[in-house]
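Two complexes follow with chain A in common, the first pairing it with chain B and the second with chain C.
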Partner chain A sequence: MGFFRKFFQGEPLQDRKIADDKQEPKQPSTKNLSRNIDYLLNEFKYTDDLKIRVLKKGDAALLYFEAMTDQEKVQQMIFDPIEMGKADHIYDIPNSKETTNLEECIRSLLRGHAIYMEDGHERVTMFNVTSVFNRSVEEPANEKVVRGAHDGFVENLMININLVRKRIEHRDLTVKFFKVGKKTNTNVAIVYMDGIANPELVQKVKKRIQSVHTDKVQSPGFMEEFMEDSPLSPFPQMLNSERPDRIVASIMEGRVAMFTEGSPTAIVAPSTFFMFYQSPDDYNTRWYAGTFVRLIRFASFLIAVGLPAFYISVVSFHFEVIPDDLITPIKSSINEIAYPPILEALVMVVIIELIREAGIRLPSPVGQTIGIVGGLVIGDAVVRAGLVSNIMVIVVALTAIASFVVPSNELSMTLRLLTFPLIFLAGTLGFVGLIFGFLLIAVHLAKLESFGTPYFAPVAPLRIKDLKDTFVRLPIFTMKQRPKGAQPVSTTAVEEGARGWKKDEQSNQSKDK
Partner chain B sequence: MSSQTNQKISRRQFFFVIIQTQIGVGILALPFDLHHTAKQDGWISLLIAGVLIQLLLFLLWWLAKRFPSKDYFQIQEYVLSRWFGKVTSFLYVIYFCSVGILIVLIYSRLISIWVLPNTPFWVLGFMMVFICLYMVCCSLLVIARLYMMFAALLIIMVVFIFYSAKDSKLMYIFPVGEAGWSNIIAGIDMGILSFLGFIVSLVLYSKTEGTAKEKLVAIQSAQAFVFTFYLAIVLITFTFFSTQEMALVPQPVLYMLKSYEFPIVARIDLFFISTWIVFVATSLSTYLLMSSLGLTTIFKSLPTKWATIGVAVTIFITATYIGYDISKLNNFNTYVKKGGYIFSIGLPLVVLIFSFFRKSPAKEGASS
Partner chain C sequence: MIRFIICNLCTLLILTGCWDQRQFKNVKLTLTIGYDEGEEGEIYETVSIPTVKGSEGIVEETVQVLSSDARTPLDARDKIDQMISESFNPSKVKVVLIGDELAKSDIYPLLDNFYRNPNSNLNAQLTIVEGTAKEAINFNSTGDTKISEYISGILKGASSATHAHADNMQMLWGELIEEGEDFTLPLLKVDEESDVIKFNGLGLMREDYYTGIKISPEQSTLFLLMEGNKGNVARMTRKVLDDQPTPILEYITFQVLDFDRKMKIRPEGKEVNVDMALNLDIHVTEYPHDHLVDEKIIEDLNNDLSNILTEEASEIFSITQEANSDVFSIGRMLKAYHPDVWKELDWAEGYKDVTFNPKVEVTIQNHGIIN
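Moving on, here comes the complex of A and B:
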């Protein structure tokens, strides 16, 4: 935890604090020890986990929250120096901090520090003895990649920033802390590259964070809903990720990442629609493969949103679209079904959602069983019973698979929600309804904005340079400029002559000849 | 979204706005209409009409260039005096509304004939007007972005149409000039009507970035593009159907596509008409936009949002009143077509002539 300690205590002149607390109340401490303790106990409503260790036969006291502190650290930092004779008095222990403000003591106690007070002295000494329980930085289960980094963010803000700093060793990487939530006092951090990120954007993010007035901030999801431009839109306007490499890539494009204490998820502003379709995997494979995978993902968007609707409009309105050879098999599979196609589709989509939701929270062996029972048994039985046609089962299963191809969970959810209105439109107006549905989605996407960036950039507004990393993934040395969607101040990402060695070698060869 | 309300559109976007406005309901019936008057020489009429419009656009550009910071409605108020200008602006709003109504009428009729025979008029009309309202109720910049995005669908249409070119027989357009010059000149009328919508280049001129010359290039190239597209459609349909057959197919493009069947899909005309809906929506949106722009110029205190909603509701109600009634539609059609000459050609030229009598308009335009 060297980083941790350095952060809190490393500055010689004055300690820098996580958040500015100029306006916070002050309560001067008195020389009377018991009065000080009474004040603290009263402020903490006589909570039972506030431990008071009386020292020096009642002349001094050490206070800390038992649940928040590490006993070993208490021993190591406070008692060891005295016992070993390195310091004569607790006040002389170097790694402590002093104050005469009892309100500050309250805040530091809440942070897990221990405070030492003595009768006859106003000053209070604080020691950082917080106990930290962290899980290891293992790969997030919902964002696995085949090749590439296998670490992930955890619930500790400092470790998350550590992961980012390790990847960007540059003085321009800037971290700003905020305290959000009147009761929870959650630490929120924004991380950006000064000199790449647009100052206006950073200002905008800061302003939005500061204007969040609420009791609690549980997760980035809370912050997202407070901060996003159009909360009524079904589309997520800030990218969520638990992967350091993904977040670092965004920061290096000039975006602002935001972390909250207690959550492994970072969110990125501004985000565009197409960012949700990029995965770190794309950049770790050959660019042909990356391009291919990306095209597959975009096909999955069309399938996930439109396939059931398209099928319904074909079988209920435009049977003539099916070529002659296919009509007989399709017609024979539908003929026996009592329900109209729209009802079939709705039933099947709801069943799939049920299976999915049931599978999430069950332990994995049971989850698999549910999947098999739900998928195979119900799917087969439903067709045999004549409730749903087998082509509809194919269509809906394909749709469900396609909706999971998106590398982002939020967008995948959005896609599955969008299926329903399109099914209704296709069931009532056929192709016309389908076109209107897609038109509505397209208009909505073009209208959306995320922190001043058009959500559907670089397609609308069109910017051909940025298309290199949108539908396809061209070699990295061709992406000379940062995407405009991130509103960067400095645009050059890859400098001229990034593959200059090639020319040198060729000229060398020609010299040899 | 307030950040973008006052931004200007780029020249590239301007180009696509003009294209998307001009290409609309007309393309399905254009070859039939031309053929109706000028037989197999209809393409010559279109050619002449195209050249005429190209020249006319030069005059319109000249007018707009003289008042670079004013939109067309403001120019009218300036040139024709305040109250007379307001009256003509209001007439324009009515005209744009009527074109909108006509678009909804023709679109619904075609959808009813080709795709959904049992659907009541108001459903189709409501969907279309609602989408356009949603599109327009924002800023010009967003509309321009959308139009540019939808232009990708043009590729699909072009591929469909050019696919059918493989079965064309050039013989059908011969002998050239058989219809006689009087018929060809009568056909120019139909040709010019198909290009109506170019007025948008005058209305949105001041809301575009770039110098006058650059804008002229954008306007002229957009017109040239639309002209080439129309000419291709007309030539391909004229060579696909014989002269006798053409008289029997009111929507030649669709009938032409209907005859093909691919191994994976049949009836590509249904896909074509689905794509066409998008272009109908874009044209209607532009007219909606222009009418609300006109209204807000006349009544300065009227919020754009309410102006747009008002126009949209008017279009919807009037269109629903006429409905599928073919005789009313035809009547309405003739009026709007006549109006097209007055409002797209006549009045702008009058304004241009009157503008010469105003003193140093360019300076005043630049200072305001």
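Moving on, here comes the complex of A and C:
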């Protein structure tokens, strides 16, 4: 009814804008064409890529950023209708927008629009002729799955929202846009399910986004650091992913996803530690396999964080625990190593990180070569030279492999960093240090919060129901309630009788008998 | 404040002070320790220290055997430490050998340091060597490279064949300390003729010294069954027939499938009677005469074996009484169930006066897959 009320009260109907710009400055246009152009040129600091096409023998001008516009679209949208006689005048072309505010012209020029001005008229016409370059929605290279959807987010915000909307065709899916970054004016969108997501949570996210005052926002990583609860913690408190299926699953649990223009990564708030260990693969395979793989991932957490530290404390403090039959092999391998085990471990861990970093930056064929040269040749030579024992090579290589098992790159990095303090603790205090290290990590995890959700939920605080999708992955129809970690308002995810057909069939069979 | 913390942390990192690490590569592990009687009340300690060299699979191992005279075991260790490079470490010791002459005096002082030091390996096995421990440790003409592996292998084999206990030093601790209970230790002997070390029965201990009396390897299986222990296999060979064409036909070999032992103590005044009933279900593994389907033959064999073993059991009881070694824990049971009698008895000599009434009953359950 609002539409009619507005209509009768004579208020002109306006386009919905992406972001609220009530506070933005206004500069009325004048009837003098050259003064208008001067104003714009001055505002744009006489940049050379602002193209001015003079029309009607100097009485009119078409302005656009050459780099931002598609020449074909200019031809098609502005000149074709006139040449073909569909419209008598540029003002009459239907898909245009008019304004008398030069500041608005500036904003639309920056968006890649073309504006048309005529001498003797205040009104300015704007045409959307933006050129768009998009890569295809390919599977992200760092989050591959065996079975399941193979598309991924791209650098265009609208395409990303399109990917989400296609997966959730429901009126409750809500998108809110924000402009963040005083200079970059980056579009940020939050996406959530109204009615599942907690309104307080949504409010919290909105408030945190609005209070980001900075020049530029390059990527979700920027936003993450501005918004997260404990920026000093080594653990990522917002899950980031380039996979639409993963993000959609989080949205359906009642979490809020956030996209930024120009980045294919979406981030999710609130996130818990165990979310980083869930992969879409778990839900695409049978639940036994999903459970098994997930348990292996959790074992990888312990290996990645603790194995070098454990080995160091065994060989430099507590060699009593080495099994009798392993004494000779271990002793023979470390007997003639010049350095203490802690130094050996640090050297090997640093070498592995060097190889990894070199492999990422180089083009892929060279990267592989580096991996082989680094892994095999250096690994072998280092042992032969007597710098590092071969057992230490095994330990560090296992640690590196285990750290790559985590489905999230963020957490994988965290794990590799946490190895270092534990190595130092184990090297100075042995098992005592190792236990203290693990204790501190556990205390920190239990204390951490992400947008009001305990980070270590559902283990601390314990919620047995949510453990169905934590260390194990039980069949989906048993997960009747959404995890509490997402603070959802509506809790039922799978309704009663989701497998009701089974009872029906059984009763039918008994009737037949 | 932050500067203060950073300064502190840096100083701490540099001034780590005593760093109590014990690098595995800097220790000389000893796997076998032996004690013998030295001159003038001293003890004589022998250790074998394997040194490994080379990496990448090919491991060369040289074994160093060192001995020293000293007042106490740790004194000896200090002296040995002065003879070797790096430091001597007994925390992975596998077998502890005691020469029989030394064992006849108190053995507890030798072991005190193992129990007192939290790093020692209480999983080690304790044995007595007939002759000297040094002889056994110096013995090196076996396929096994390390004497520790050879000796612990012998003991493991003996315990799985029900010849000896699988007790380690941890398990012996209770028996060593407790009154009213004695124990046995496996005996080893270096057989120079056939150039082997062999298991040579169980030495009966009285409190914490070796009595010098032993249960022979042939009797040890029955002895362990009487104690209520059975390893993986309990096999015995006994003579059941006479006047056969060849002596080999006179014997039967059987395995114990299952056994049931009941001990009952009946004190009558100051006199203590012990009834022991041992039921053995056996599986005949070797009996060339065959015809084991005939019920009469089986009946006869059952009776013969029962009589032979009952006789043997009383013999074993009298051996333990001769040694005054209460290996069947009669004293402890008396203390628990008949405290009045226990108070009146002088158990130092009381065990010798106990009357044992053993009764072994053998039942052939199985005779293999041929008739």
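A few points about this structure:
In this section, the second predicted complex is superposed on the first by the 501 of 513 C-alpha atoms of A that agree within 3 Å, B and C clash if a C-alpha of one lies under 4 Å from a C-alpha of the other, contacts with A are read in each partner's own complex, and residues count from 1 in each chain.
What we mean here is this: a contact is a pair of C-beta atoms (placed from the backbone, for glycine too) under 8 Å apart; a residue touches a chain by one contact, two chains touch by 3 or more.
Treat the numbers as computed from the prediction; the structure is a model and nothing was measured.
Taken together through their common chain A, the two structures put chain B and chain C side by side without a clash.
Once the two complexes are laid over each other on the shared chain, residue contacts for A:I435 go to chain B alone; chain C is not touched. Of the two partner chains, neither chain B nor chain C is touched by A:E496.
Look at A:E449: by the touch rule set out above, it reaches chain B but stays clear of chain C. When the shared chain is aligned, chain C comes close enough to touch A:N390, but chain B does not. Once both structures are fitted onto chain A, a short way to say it is that chain B and chain C open up an angle of 40° at chain A, using Cα centres and rounding to the nearest 10.
In the superposition on chain A, A:K331 makes contact with chain C only, while chain B stays out of contact range. By the document's definition of touching, both partners, chain B and chain C, reach A:F317. Residue contacts after overlaying the shared chain place A:P340 against chain C, while chain B stays out of touching range. Note on the superposed arrangement: chain B and chain C approach each other to a least C-alpha distance of 5 Å. Within chain A, the residues touching chain B in one complex and chain C in the other are 317, 320, 322, 324, 430.
Chain A makes touch with chain C in their complex at residues 314-317, 319-320, 322, 324, 327-337, 340-341, 383-384, 386, 389-390, 427-428, 430.
Contact residues on chain C toward chain A in their complex (touch as defined above): 16, 19-25, 27, 29, 50, 52-56, 59, 61, 91-92, 94, 119, 121.
Residues of chain B that touch chain A in their complex: 1, 3, 12-13, 111, 115-116, 119, 123-124, 127, 131, 134-135, 138, 141-142, 145-146, 148-150, 261-267, 270-271, 273-275, 277-278, 281. Chain A makes touch with chain B in their complex at residues 229, 317-318, 320-324, 429-436, 439-440, 442-444, 446-447, 449, 452, 454, 456, 459-462.
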